[in-house]
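Shared between the two complexes below is subunit A, which has subunit B as its partner in the first and subunit C in the second.
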Partner chain A sequence: MSSFCLIIQGAPSSSASLSALNFAKAVIGSGHQIHRLFFFQDGVLNACANIVAPQDELHLPKAWQQLIRSNALDAVVCATSALKRGIVDKTESDRYELGGSTMLEGFTLSGLGQLVEAGLEADRVINFAP
Partner chain B sequence: MTSKKFLFVSTRAPWQQGHAAACADALMTHAVFEQETWLFLTGDGVLQLLDKQDGSAIGQKTMAKLFPALEVYGVREVLVDMESLESRGLVEADLMMKVTIAGKDRMKALIHECDQVLVF
Partner chain C sequence: MILNTINKSDISSTSLLACLATMTNEDALLLLEDGVYAAQSASVLPSMIPAGVTLHVLQEDLAARGISDRISPDFIRVDYREFVSLALQCDKIVSWN
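Take a look at the complex of A and B:
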């Protein structure tokens, strides 16, 4: 069994995010382990709670959330990337006096240190960039 | 803290969707956390090291200013892909600082040697 850290740099509208999701499912389905999902740059938009997808299209943020929940995955959202793109949890929303959390449950705001830790623990770090 | 060898491969032009800056941020964070790090610039990534860049012309930060600081952060070596330079009509004198000009063999060796390879 191998463990993976996936960096997701693509927004939900990119094929990078979809490829990462399918890869993550394949990793789990093959009996391997996801040590951490690290949402970086535009990839943080996959944690956005305010995205409405057309009915006949895959809702990638919800697909990620479902994968995270059903497999108890550690899903870290880069805080610097997130703040720049309007993705905040309740704590950050209160700190900057914004209108409330815009982040889906199951995701956690944190820093690049989590990527370093994941690189130390996981066998492979794979970056999905658009 | 335990330590691993991390190779960062940066393949994008300086202001292309922030990929170069994201790579530099991740690289410096790994170096700060006392990991052994290398940076390999290839493809359009070699453009990041062009001399006399000024991002203010397009209202952006000049990320090239970071490069001289990488040694202070403890980054082991900055390498530039020779073929990528040549195919863009560039020579070593076009670059802002002294780096290692390396061929594909060196890159293969580094990929083999490092524990993690992060491609941006």
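Take a look at the complex of A and C:
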């Protein structure tokens, strides 16, 4: 069994997010492990709780959330990228006196250190950018 | 051995050209998303790829673009599970953007 770290830099509106989701499912389906999902740059929008997808399209943030929940994955959202794009958890919302969390449950705000750690620990790192 | 992934069309981006310049004969190339257009038989790119490089193209993205039957025979069609295996066969993965 091998472990992967996936870097997701594409927003839910990009092909990159869907490719990364399909790759993550194939990693799990092949009996390998996902050490960490790292959502970076516009990829943090996959953690946005306020995205509404047309009924006939895949709702990528919800699809990610489902994958994270059902496999207990470590899903880290880059805090600097997230705050710039209006994605905040309860703590950040309180700190900046915003209107409440805009981040889906299952995702965790953290920093680039988590990416460095995953790069050292995982067998492979793969980047999905738009 | 490096797996190089290309996700942009060779018409709109020079990333495939830049990637080809760095590849050595043990490396692998995988085209996905709009990158799959370069696998078409009509594309001049298959002829520019260094000998010994293994060529792969993601079947799902070919089908999404309706070009499954136009692919150069030099390319091996892979699904996502084969993509995962390929990533493990190579020492590292370079995603050209």
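Following the convention adopted for this analysis, the second predicted complex is superposed on the first by the 130 of 130 C-alpha atoms of A that agree within 3 Å, B and C clash if a C-alpha of one lies under 4 Å from a C-alpha of the other, contacts with A are read in each partner's own complex, and residues count from 1 in each chain.
Everything below uses one rule, namely that a residue touches a chain if its C-beta (ideal position, glycine included) is under 8 Å from a C-beta of that chain, and two chains touch if they have at least 3 such contacts.
These figures come from a predicted structure and were not determined experimentally.
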Which of the two partners, first being subunit B and second being subunit C, lies in contact with A:A129: first, second, both, or neither?
-> both
A:L120 contacts which: subunit B (first), subunit C (second), both, neither?
-> first
Which holds for A:K25: it touches subunit B only (first), subunit C only (second), both, or neither?
-> second
First (subunit B), second (subunit C), both or neither touched by A:S15 = second
Where does A:L112 make contact in the superposed view: on subunit B (first), on subunit C (second), on both, or on neither?
-> first
A:A53 contacts which: subunit B (first), subunit C (second), both, neither?
-> neither
Classify the contacts of A:F40 with the two partner chains as first (subunit B alone), second (subunit C alone), both, or neither.
-> first
List the residues of subunit A that touch subunit B in one complex and subunit C in the other.
-> 124-125, 127, 129-130
Could you please specify the touching residues of subunit A with respect to subunit B in the complex?
-> 7, 9, 40-42, 80, 111-113, 115-116, 119-120, 124-125, 127, 129-130
Contacts from subunit B onto subunit A in the complex sit at residues 1-2, 4, 6, 17-19, 22, 25-26, 29-30, 33, 35, 115-120
Tell me, which parts of subunit A touch subunit C in their complex?
-> 2, 4, 15-16, 19, 22-23, 25-27, 29-30, 32, 123-130
Contact set on subunit C toward subunit A in their complex = 5, 7, 32-34, 60-61, 79-81, 83-85, 87-88, 92-93, 95, 97
